Every structure is written in C-alpha cells, then in structure tokens.
Amino acid sequence: MEGSGHIVLSILAGILQIVMLPLMAPLVTGIIRKIKALLQNREGASVLQPYRDIGKLFRKDEVINPDASWVFRFTPYLLFSTTVVAGISVPLITTIRIFGFTGDFLTLVYTLALGVFFLALAGMDTGSSFGGFGSSREMTVAALSEGGIVFSILTLAIAARTTNLSSIAAAVELLPLPSLIPVILAFSGFLIAMLAETGRFPFDNPATHLELTMIHEAMILEYSGRKLALIEWASSIRLVLFISLGVNLFFPWGLASSVTFPLLAVSTVLYLFKVLLFCFLIAGIETGMAKLRFFRLPDLLFTSFILSAIAIGLMV
Amino acid sequence: MPALGTIDFWVFIIPAWFIAGAVVSLLLTRYDHAANLAGGLFAITGAAAGILFAVSILMSGTIASISMPTSFPWLSVSFRVDSLSAFFVLIISLLVLLCSVYALPYVKHYYGKYNIGLLGFMYNIFIAGMIMVVTADNGIFFLIVWEIMSLASYFLVIFERDNPEHIRAGSVYFIMTHTGTAFILLAFLLLYRTTGSFDFAVIKNSASAIPPLVKNTVFLLALVGFGTKAGIIPFHTWLPSAHPSAPSHVSALMSGVMIKTGVFMLMRLFLDIMAPSPGWWGLVIVALGAVSALLGVLYALSEHDIKKLLAYHSIENIGIIFLGLGSALFFLSIGDEAVAALCLVAALYHTFNHAVFKGLLFLGAGTVISETHTRSLEEYGGLIKYMPQTAFLFLTGSLAISAMPPLNGFISEWLTFQALFSGIQLRSAFVRGVFTLAAGSLALTGGLAAACFVKVFGTTFLARPRSHAVSHASEPKLSMRAAMAVLALLTVLLGLFAGPVVSILSKVAAELGGFAGRALAPPADVWSLGLRDGFANISMPVVFALLTGGTAVVFFAVRAVFQKGRTVTCRTWDCGADLSPRMEITATGFSRSIIMIFKGILKPTQQTDTEYNDASMRYFPKTSVVTLKNANIYETYFYRPLVNTITRISGYFKKIQSGSINAYVLYIFLTLIGLLVVYVMRGM
Amino acid sequence: MLFIVLLTAPLGAAVASLFVRKSTAVLEWLTLLASAVYLTAASGITYAVVVRGTSGEGADFSADALVAILIMIIAVVGSAAAWYSTGYLREEVRKQIIGFSRIKQYYILFNLFLMVMFLAVITTSPIIMWIAIEGTTLSTAFLISFYNKPSAMEAAWKYLIINSVGLLLGLFGTLLFFIPLLRSGDSNGLITWQMLLDSAGTGNPLIAKVAFLFLLTGYGTKMGLAPMHTWLPDAHSKAPVPVSSLLSGVLLNVAFFGILRFKAVTDRAVGQAFADNLLMFFGLFSVVVAAFIIFIQKNYKRLLAYSSIEHMGIMALGFGFGGAGPFAALLQMIYHALAKSVLFFSAGNILLKYSSTKTDKVRGVISALPVSGTVFLIGFVVIAGIPPSGIFLTEVSIFSAGILSSPVVAVAALFAVVLVAVGFLRIVASLLFGKKPDSLPGGEAGLRTIIPMIAVLSILICFGFFIPGPLRSLIRAAAGGR
Amino acid sequence: MAGQYFEYQFFIEMLILTSSIFMHLVRKNSSIVVLYMVQSFLVVLLLVLSSIHRLSAALLAVIVLTFLVKVVIAPVFFFGLIKKNRLKFSVSTYLNVPVTLVVLTALVAVAHSHFFTSFTAIITRGPDTLFLCIASILISFFLIINRKGALSQMIGVLSLENSIVAFASMAGLEQTPGLQLGIVFDILVWTVIAVVFVSMIYRQYGSLDVTAMRHLKE
C-alpha cells in the first residue's frame, strides 16, 4: 500500500517536474512586471497578462521574410523544447532525483546554450541589421556568462561532491555554517550571470525596442505569430528556470527529501514563496539600477566569474 | 618478414600499400584522371584495411609488432601497435577514408593546372607517414617517418605553388616543424645518452635510471618539439597559415589527424616510455592547454578566412585535449589512477571527436570554397538556399565543435570538465588554482566557440548573398556530400553511444597508464556514463531522445492546437530603403564586440579608410572601410626578434667574408699563432 | 697497372687534347673516354681492396679502404662532371659566352685536375701528396678564372694566394712530421705513410703537436674549415659549374684525406684527444659560421659553397667525436660528394636558363625547368639532412656519438644544422616556386645536362636507402683503421 | 750532419732573414724582386752547404735547377712583368714602417720564444739557426698580409717557400732528389701562373692593388 502510494506520488512529482515550470513561467514574468510597476508608482497590467499575450500570439497569423531559411522556422520549436528539457533537471520541490538519468548541471547549461545558438542563427537568418547585431551581442553575453553560471554551481558541486543538481541541493542543505560564506559568494556570482542569461537589467532591457539597448529583442524582431509566442514563452520559462536554480541550489531549505504528501505540499508552498521573494529581488534590481553600457557588461560578468572562483577557493 | 595474414604482417603492409599507391600515382602522372583515381583508390582501400586492422587490435587487445634491422646499427625498422597506436591508426584511417572519397571529385578542379600524380604521391606518402608515426617503435625510425610526414605535408601545403602566400605559409611551416624535429631529436639523443638506445622498448625498461635533470630536460624538449606539431600556443604560428593553404581534403587531414600525432607522441613518451612523471609536468601541460584553448578560440573569432578560422579552432581543440592529457599526468603522479583514467579517456575521446567534426568542417569549407572561389566569410551569405545539404552537414559540424548536446563534442568536453573538477577538489591550493583557471578557460572557450560558429554559419549560409561569388554555387558531387554525411553521422553516433565508446577508450587508457587489469574506468554502458563515487552521470541516449522528441512534440502540438494560423511571406520593413546585403551584419562586425572585450589579449589594430564624395567638403563619405586585425604578438615579440637576432649575428659572421685577401691571410696567420699559443703553452 | 692507368687516362686525355684543333666533339670524346677508363680502373682497384684489404703497385702507389672510397668518389663525380661539362659547355658556346680555345683549355685543365687528385690519394709519399694537392691549386686556378671577368679574376687570385699559403704551411707541417724519422737515421729514400706511422711514437710529442697544428691549418685551408675557408665561396661561385661540383664534392675530401692521414700519425704520437679536440673545434666553428652566413645568403651558388663548408665541418666533428662518428663521417663524405654534385649540376641548369646566380632574380624554376628544379629540390632535402635522406642518418649518428663524448658541441652543432636547413629552404622556396617570368621560355637545355644529374641522383638515392655490404665493410675498415 | 759549416749556415740564414725583413721596407717593385733573387741565391747556397758532403750528380742537378728557377727564371719573369706594365712602385702597405718594424720584432721574438724550444731536439748544436728560419717564415707570412700589391704578395708566398726550404735544409729534412725536383717544378709552374695572373689583374683593374678586388663579400 505504501509502495503504490509512493509510486503514485512519484509519478505526480514527475509530471509536476515537467509541467510546473512552463505553466508558472508567464505568471512569474507577470508578477515581476507588476512589482516593477508598483515600485515605479504605476498600476501595471495584471499578473496574468503574459498568458493572454502568449495566447493571442498563438492565434495570430505570421509574417516570414522570404530570405529566411528553415533555421528561422525551426528555431522556436527547438528553443522551447530545449528550455523545457533543461527545466526537467532543475530540482523544484524535492531533492530526490525523479528522473535518474538527468540532472547534470553541465548538461543543463549546454542544453540551454543549444537553444541560444539556434536563436542567434535565426537572428541572422533574415538578414536584417537588427537581427545580426542582436545575435552578436547575445552570443557575446552568453559566452561570457556561461563561465559564471558553471562556476557558481561548481562551487556547490564541489562542496557536495557531485555535479547532479538534485544531489547538490540535498548536500547544500546539510552544509555546516562556515561553508555559507562561499555559498553566498557563489550566489552573488550566480545572480549576476543569471541576470545576463535571462536578459534582465543591467544587461538587457526585456521591455525595450530601442535599437541601441536591446539584445534579446533585436534577435527576435522578425518573429511573429505562434513562433513569437513560443519564443516569449521559452524566455519566461528560462527566467523561472534560473530563479528556481537560484532558490533551490543556494537556499535549498524546505525541499522535500522524500516523496510523501505532506512534505511535498510544504515544499511546494515554500518553493513558491522563495520564487516570489526572488521576483521582488529582480524587480528591485531592475527598478534601482540603470542598464549598463554594453562594453561595461564584461566587467560585471568577469566579476561574477571571479566571485565564484574565489568561492571555489574557499570551499574545501 | 612476418607470415602473410598474421596481424604483424598487416602492420607492415598497410604503410607499404600507401607507398605503393604513391608510386603508382606518380607513374600515372601524365594522365590526370588516372593518377587521381589511382591515388584515391589506394588511399581508400588502404584506409579501409587500416580501420579493420585497428579495430581488430582494439577488440582483441593483442600487440602487433615487427622489427627489421637495417644497414645502420642504431636504426631498425620497428613497428609496434598496442591499443593506443591502434586507436590513432583508427582515427587516421577513418578520416583518410572519408577525405579520399571526398577528394575523388574534389581534385578535378586541379586538372591541367597542377601535377595530379604528384598530389597523389604526396598524399599517399603523407598518409603512410602518419600511420608509421603512430606505429614506430624506434626513435630514429620514428624521426624519419615523422619528417617524411612533415615533408609530404609541406609539399601538400605548397601544392598550389603559384600563389606566393602558400609558399610563404609552407616555408614557415617547414621551418617550424623542422626546428621542432630538432628539439625532438635532442630529446631522443639525451635519452640515448642515458639509456644507450633509441629503441622505445629499451628506453622504457631503463627509464627509472634516467636522472631527474635529464628527464625534465627531455620533457621540455619534447614538449616544444611535439607541441610545435600539435600547434600549441606559442608554437602555433605555422598552423593558421599552413592548413588553409593545402587542398581542403588535406587541410582536413592535417587539422583532423596530423596535429594529433604530436599529442600521440606526448602520450607515448610521458605516460608510457618515461613514466612515472613528476606532477609539475602535468600542470605545465594543463596550463598550456588552457592558454591554447582560450587564445585559439579568440583568434578564431577575429578571423574572416574560413579555413584560417577552422585552423585556429584546431589550436583551441588541441588545447582541450592537452587539458585532459595534463590532468592525467598529474593524477598519475599523485597516484590517483582512477581519475587519471577518466582524464585520459577525456583526452582520447576529444581527439577522436575533433578529428571527426574538424574533418567535416574542413570538407564543408572546401565545398563552399570550390563553389565560390573565395575564402572570405564576408563574401558568402545565403548559401543555404544554393546548397541546403552541405549547409545542414556544416551546421552539424558547427554544433558538434561548439559542444552542443547531444553531439559528440559535448560529451568529450563534459568529460574534460569532469577531469578538471577532480583537480579542483585537490588539497593543494596551487594545484587547485591551476585547475580552476583551466576549468574557467574551458567554460569561456565553450561559449566563445559557440559564438564563433554562429558567426561562421550565419554569415556563410544564412540571409542574403553578400557578393556575386555565391550566385553560381550549387551542391557538390554526391561522393563529396556522402563523405561529409558519414562524418556528420559520426558526430551523432559518437555522442549517442558515449557509453560504449568510453568503455573502449578506458581499455586504451588503462593499457597506456599502466593500470590495466584494475577496474578503474568510469562505469559505462549503452545507456549511461558515470563517474566514480557518483560524482556525475549522464545518459546521452536520453538527452538525445529528450531533445529530438521534445522538439518534435512541441512542433506537432503547436501544429495540432493552432491550425488556423496563416503564414504570409513578406519582406522585412525596410524604412523605405531597399534591403541590401550591405545592411547585413558582417563577420567582422559580429565578432567585434568580443574582440574589443578581449583587446588586452588580442591587441586589435583598427584601420579606417574613408573615401569622400567631395574633396573639400568632408561631410558625406562615399565609402568607409574598417579593417580590424589582430597584432600577431608572437611574431612581434618572439619570432621576429629571434629572426632579427639571427640575422644580426649572421651580419657579424658575414663580416668574416670581408673581401680583402689580406684579411683572409691574416685569419690563417692568427689561427696558426692562436693554436700554437694554446696548445704549446698547455704542452709545457 | 691499374694505378698507372688511373693516372694516365686523364693525363693522356689532357695531353691529347693539346693537339686537337677545331673539333669540340673530339675533345669531348677524349674526356669521356678517359672518364670511362679511370672509372673502370678505380672500380678495379676498389674491388681489389674489397677482396684483399689493400692494393698496391710497387712502393709508390697503394690503396687501402679510405683510398678506395676516395678514388671512387673522384672517379664517379669526375666522370659525371665530365659528362655534364659536355652539355654545359655546348650550351655556353651556343649562348656565345665562350669559344673553342676556351673549351680546349677547359678540357686540358679539367683532366689534369682529376689526374692530380688521383695522384694525391694513391701515392704512398706524403710529399708527393703535397705536390699533387698543390697541383690541384695550379690546375684549377685558370678554371676558376675561366670566364675572365673581373670577379672571376678576383676569386682566382684569392684562391691561388690563400691556398698557396695554406699549402706551404702544410708542407712545413709535413716536414716537421719527418723529424722522428730523421732521428732514427732512416732518411734515405722515399718516406712513406707507413714509415711515418711506424716512427710516430718515437719522436718528441710536442713536435708532433706543432707539426699537426701547421698541417691542420694548412690542409684545413684547402678543406675549407673556418676561418680558413674564405677562398671557397668565391671560387665555387665563379668557376664553371662542373668545376664547382668537383671542387666541392671531391677536392675538399682530398684535402680532408690528407688531414686524416696525418691525424693517424698524430694519434699514435700524442694520443687521440689532441687531434680530436682540434677537429671538433674547427668542425663546430665551420658549421656555425656556415649556418649563419647561409641564413642571409642571396646567391645560390655561394649557398652551395657554404653548405660544403658546413658538411666539411660536420665530417670533422664526426672524426673528432670518435665512437660511431668516423664511420658516419665517411658515409657522409660519400653522400655529400654525390649530393653536392647533383646540386651543382641542377644549379648550373638554372644558371643557364636564368643567367643569374642571384636568388632575387630567379623565380618559378619548377615551372621553367621541371627536371632540374625537382632534382634541386631533392638535392636540398638530401643535403639539409632531412629524412629520408642518408645524410640525416649520418648526422644523427654523428650527433649521437657527440652526445656521448662532448654533448655541448653536439647540441650546438645540431642547432647550427637546423639553421642551415632553414636558411637553405628560404632560398630553395624562393627559387623553385612561384610564377616563372613570362618572357622566359620553358624547357630543359638538353639531355647531356640532365642525364649525368639523374645518374648521380639515382646512385645517391640507392645508397640513401641501402648501403651495399662491401661498401659498408670498406667504410668500416676506413673508419677503424684510420 | 753538416756541422762544420754551422757558422756559415747561421750567417746565411741571418742574411735570409734580413732579406725577408728588407722586403717589408722597400717600396720599389724591382727592389723586392732583387731581394727575392738574393734570398733565393742564399737558399741555394744553403742547400749546397748542407749537402756538400754527399754531393751526387742528382743532387747537383736539383741544386742547379733550383738556382735556375729561383734565381734566374722567376726574377726574369718578374722583371719582364714590371717592365711590360711599367710597375715601378709597389702599392702601399697596411701598416707604416715603424709599426711594421715593431710587428717584425715581435715575430722574431715569437720565433725565439719557448713555443719552438722543442725544436732544439732537432739540432743539438746551435738551434738559433732554426729559430731564424722560423722567424723568416713568419715574416714572409706577414708580408702577404701587410702588402696591398699583388706582386708583393706573390713574392711573399715565394719567400715563405724559401724560408721553409731553408728550414728543411737546416734541419736535414731534405728529400730525395726526385721529390725536390717535383717541388721545384711545382714552384716554377706556380710562378708562371702567378705571373700570368698578375698581368691579367693588371689588365682587368689597371693596377696591382688587391684592395680593388673586394667585390665578393657575401
């Protein structure tokens, strides 16, 4: 009886693991927008607005440049799928490895990179000036931020003696107090790199279409209709994916260590709460900070890298 | 001579077959087509035999060897093929097979212009040289075949000898590789001084008697010598100019396998013959690897010549191989054989992978070049519409080299990362620092490589044509596409079946590291691949399935749910002006931001040429050309001063030949007096 | 008998040529006939040496293994050069550079030159050897000034004076070697090498040392050891090409032969180390000087001359290092003689085509002269010691002898040799490749300028891969019993 | 050994050395040829002295021939050359007279220094003669270095040869007559060739100044 309940719960957790991120992603985006609006003394749109946007885009006709090749048409699907596949690896509510074969953090980073690779190609595919420089900037930032992401998670991996994300989360929870200093350092590194990876302030402005400042938006300028919808959705999943990584790797307290219903319920609530806090953090940063000039970004990214490297040095 | 049909016989017959092919090709030199066919068919059959031979050695685990004495006492024609040699024979044969298939139609455009018989001769000699290099068992014999390989490749580099640029590239190549050989010779001579033999087996048996100072000197000499061939920074300067000068299928071989022979010999020497080694050897190699990987990719980014760019990526990938190799040496020195096995597997795996995807990319580049007659990225564009299959294959190669899952580049890079992570967990702060920086360099390298290949693929195949060069491009001959397709398939298979590959490589590594028989290899089966004590595990089939399946599901789901969407084809809004190719981003423009970020390392020089409509009123420029180049700091701060110093010294020596007969007689006089003073004084 | 034939064949050709009027063909036939004769005679003598260990004729002439090697070198390179001369000079006549009287003078001196070289190696008397080597200077002086241009005069004059001075020092050294014999009262009659060897231990070692110093300086001048080498590039670059090939490939070896003979005596008198160190010093200095000058050389004939200096230096090193060195050095002597003549022949064809020895005036030789260009390239590979050439093996074995006895010298020489290859390649690449001038018609001059070259090249390549047993034992005997 | 003539030999050798030194000091080409003639004559005298007790017809023939070649034929050639081309004065030297003298003194000192003391073993009585020969060799050698004229260089080489012959005869190192004949013949041919060359050089360059021949420098 306990066995069958366990299995049922496991399947449930597995499904949750797969669908939770895609489903809640637009909401998180909406929440951040809302908080930002409130902080900026605006009323802002509803937190559900992103769902409506995506839905509307899905139903719209699309326009495609005749110069575009199959790369342009194929990219949104691949991007969406890589983001979702990457999301499966992230521990959301439990430290148990639900899918035993996934969860390696390098795989996660590189799977996400695959999406970016194609997105950058798609940006160049239509031959417009915007798309090209958007790709260039995106790849520049992505190349530099990859080190920060890898290293900040590596700090934890070394402490945990594993590169599996769920196991890292489980191990970090048990770390002695002195080890928290490197964890905090690594988190600062992670935060910077994550903002870059998800195209937030001070790296990119997700809400702009000004040619001088945009990176991500420039690449996808040619997209419309359902392809745009997929891309928008994927980027919001990407954001919540990184938020989840941040909250569950660096602050894993409350993650369910076994598959029982009460534990799962508590950890789900805790997880959502942590994500909400993180949303406040991001919104705060975006409100309090100006976007940096492009050539100032590398300094910040190298800072992230160095912070994580120091953290590794401190972690024995 | 071993009996016909035994495995030892094949050791001898495979190189002999290539040499026969070389001779036949040369004899047919008057008939271009026959020479091409002969050279190609001999290479293809020889390579097929080589694959079978290598696989049978790898599978059976036997060691094939033959040795024939020669007229010279210290020289014997000795071959010995253990699993490491067999592994390299396999890589070489595999790439040779595909490149030769590719070359059959490719070489046609040289008909009538250059000597095809000679090409076939040099090509087959080159292959025979490579095969013999990885199977030689005597130092002098090794040096001979090593130089044969270098010489043949030199002639292949200058094959299009009317172009002064190729001649210059060839000269630099020859000079550097010959100097490198001198370092190798010196290393062997030192070993000979202490062990009294040039035979690898003898040296290995008395390796423990070599004094540390000699051993360390040999290490440094061999590192310089073989590092030059491998193209490790700072000895790489020949590589970016030499590889592009050769015909593309040869470039593929040079980049894909020839430079690996340097890696092979480093493995052979340090892990096998001279083992055990002190820890700092490994750290030096790791550091060199880290520097080469990062700088290689940065130089590649600032390059617009497609073949040069690929050549720079070879430097990068050799750096990655060095990371694995160096870590293996280091872990062996501290006695951690299990991790050493992992590191070696990473190095070997990446060696294989790089051969496959670099071969693919060079063949692809060769196709593009032969269709457009230019090597400049700035003149391509939109080729995906003229040659969709080539584009797809090239994209596969690009993804593989950028370490994108689920292709093969990812898995070896993943293994290398894991190797470095093991180093980071060590106790010594210094060692940890080295490994941390190396891992950082690798992480950065991966990202930059992806950026670079976005640039290459984007500017070459996507968007609109940038020049007329593209307009007459079309798909190449079937066999050329087939060769590339097989390589592309291999990038997938090598990624998908990482588990079985790793278990084979583990055997090679175990034999090489001297810990055969102990189960130290990373546990691997068809489905997954894990590291000791569960540090990490990965399942490539699942990653593959998820990515392909996921994409398919998304695609069909979206199709199914939103059927109503209409797709309109319409030009991009162009603000009223015609969209022209000049509005597309250029290769230079694409990488400019990265170059500027790393300007401390790359030292870019920018040159702007502006032409105005009106001489007096400089408000409306007609054209403006920005040229972004990297200062060649090795040239400026090392090679150029070196050459200048030698030239200056030569100037002093030249003054001996002053032209004055009185001075000449005076030399004789002074020599005589000087000798008398020295010797008669000493005799007293 | 064979010894007499060896000397009379070229002498006869020279004398007979004196009486030839107006017919170039007769001159050519005389020389070619002589070459066939002395080639046969030399082979006969070598065969006798291989079979019996030595061969001799009366008290005056004898041949041991070393002599056999040298007469074979002289005969082979000499007859190839004779053959090549016929083609080369015809071509020059066609270009109206020279006339009949010149040709006649050429063949007379050419044959005399060969005769005195044969004499120098087969005689049993050191003094006759001296006279014969002086004879080489005299017979080649006018060959070097053959074109009667100011620069050729300059080269010839320098050649004459420097070599005369050197050889007089050699004479003085030779005479000093006789002192022990004098003490033993055995001064009547012809003094032979054997007598010198027998008496070597009896004299004052200091005198033996001084004698060898004079001798080494003197014969070293002729051999082209730095810093006494100064005449060599001038003479080689100004002489007609076949003569250059003989100077470089043969004459230097004959001078080295003299030094080796006396070294054997000195070794017995004062021990090996003395002469070994001297040879090492001069050898290294020659290699280094040649290497650096080759690095900035701009004239391909001078380049070949400096390369000869380098190789003489390496051979000296080989004998200085001991161990496996002498064997390898003698083998290298053979390789070098063959390779250098091949290189000079092909350089001659280039010169005929382009009329310039300056490297910046010559481009695209491979296109203009496919055969000569290729041969030049192969010659370069051989002479630069790049595998699979035999010189690579001999050099490696010299270095491996050196790394055991004097590592520093060996390492220095190794890098100098690399520098030579580098400098050589720069010139080879600029000569052979690239586009040939459009105004230049392609095609070789004629078979007579090609066949000798190919013939020597084939011998060279065969020996590079396989050394026949008799030759090997010959070299071994020569190296051991020096 | 010709011991009884030791004083004469010493005296003659002294004169030979003096003639070598004077070759450095004279300016006129004809004077240097005369000096060479004198020196050759002295050498012949020395040969006669050293072999007087075993004088044979063959030896006499050699001596006569040597006399003919060195004292008669060679100078005749040289005078003819000088006359034909009106080469009265030789070209200058590198070192001026005082410095030359200093160098010569040094060379004589070197010859007498302990470098060559072992040569005392050759002649037990009166090694000084041998040292004079060596001094003469070195001084003749230096003549070739110091002089810029082709003719002077030629004489220098011949003088060097004279000094060596003198040394050989002093030390009792004469060879068989046949060999000596060979050497003399060699010298004769050499002289002829050198004279031809000198006149050719004069034709090509308009002077005998060897410093004009400095084109081959690479």
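In this document, chain identifiers A, B, C and D correspond to the written order of the chains, with residue numbering beginning at 1 in each.
In this text, a residue touches a chain if its C-beta (ideal position, glycine included) is under 8 Å from a C-beta of that chain, and two chains touch if they have at least 3 such contacts.
None of the values given here were measured: they were computed from a predicted structure.
Among the other chains, the CA centroid farthest from that of subunit A is the one of D.
With centres computed from Cα atoms alone, the innermost chain of the structure is B.
Among the inter-chain contacts, the highest number of C-beta pairs connects A-B. Centres computed as Cα averages put subunit C at a distance of 31 Å from subunit D.
Subunit B and subunit D have Cα centroids lying 69 Å from one another. With centres defined as mean CA coordinates, subunit C is found 44 Å away from subunit B. If each chain is reduced to the centroid of its CA atoms, subunit A and subunit D end up 101 Å from each other.
For subunit B, residues touching at least two other chains, in rising order: 654, 657, 661, 665, 676, 680. In subunit D, the residues touching two or more other chains are 115, 141, 144, 153, 210, 213-216, 218. Among the residues of subunit A, none is in touch with two or more other chains. Which chains touch which is summed up as A-B, B-C, B-D, C-D.
Within the complex, the subunit C residues that touch subunit D are 125, 127-128, 131, 134-135, 138, 141-142, 145, 148, 150-151, 153-158, 160-161, 164-165, 168, 171-172, 175, 178-179, 182-183, 187-191, 204, 206-207, 210, 233-234, 237-238, 293, 297-299, 302.
Every residue of subunit B that touches subunit D in the complex is listed here, in rising order: 654, 657-662, 665-666, 669, 673, 676-677, 680, 684. For subunit D in complex with subunit B, the residues that touch the partner chain are 94, 110, 114-115, 141-142, 144-148, 153, 210-211, 213-218. Taken together, the subunit B residues at the contact with subunit C in this complex read 71-75, 140, 143-148, 151, 158, 161-162, 164, 167, 170-171, 174-175, 178-179, 182, 185-186, 189-190, 192-193, 198, 646-647, 649-654, 656-657, 661, 663-665, 667-668, 671-672, 675-676, 679-680, 683. Taken together, the subunit A residues at the contact with subunit B in this complex read 58-67, 69-71, 77-78, 80-82, 84-85, 88, 101-102, 104, 106-107, 110-111, 113-114, 116-117, 120-121, 124-129, 131-133, 135-137, 139-140, 142-147, 150-151, 154, 157-158, 161-164, 167, 222, 225-226, 230, 294-295, 298, 305, 309, 312-313, 316.
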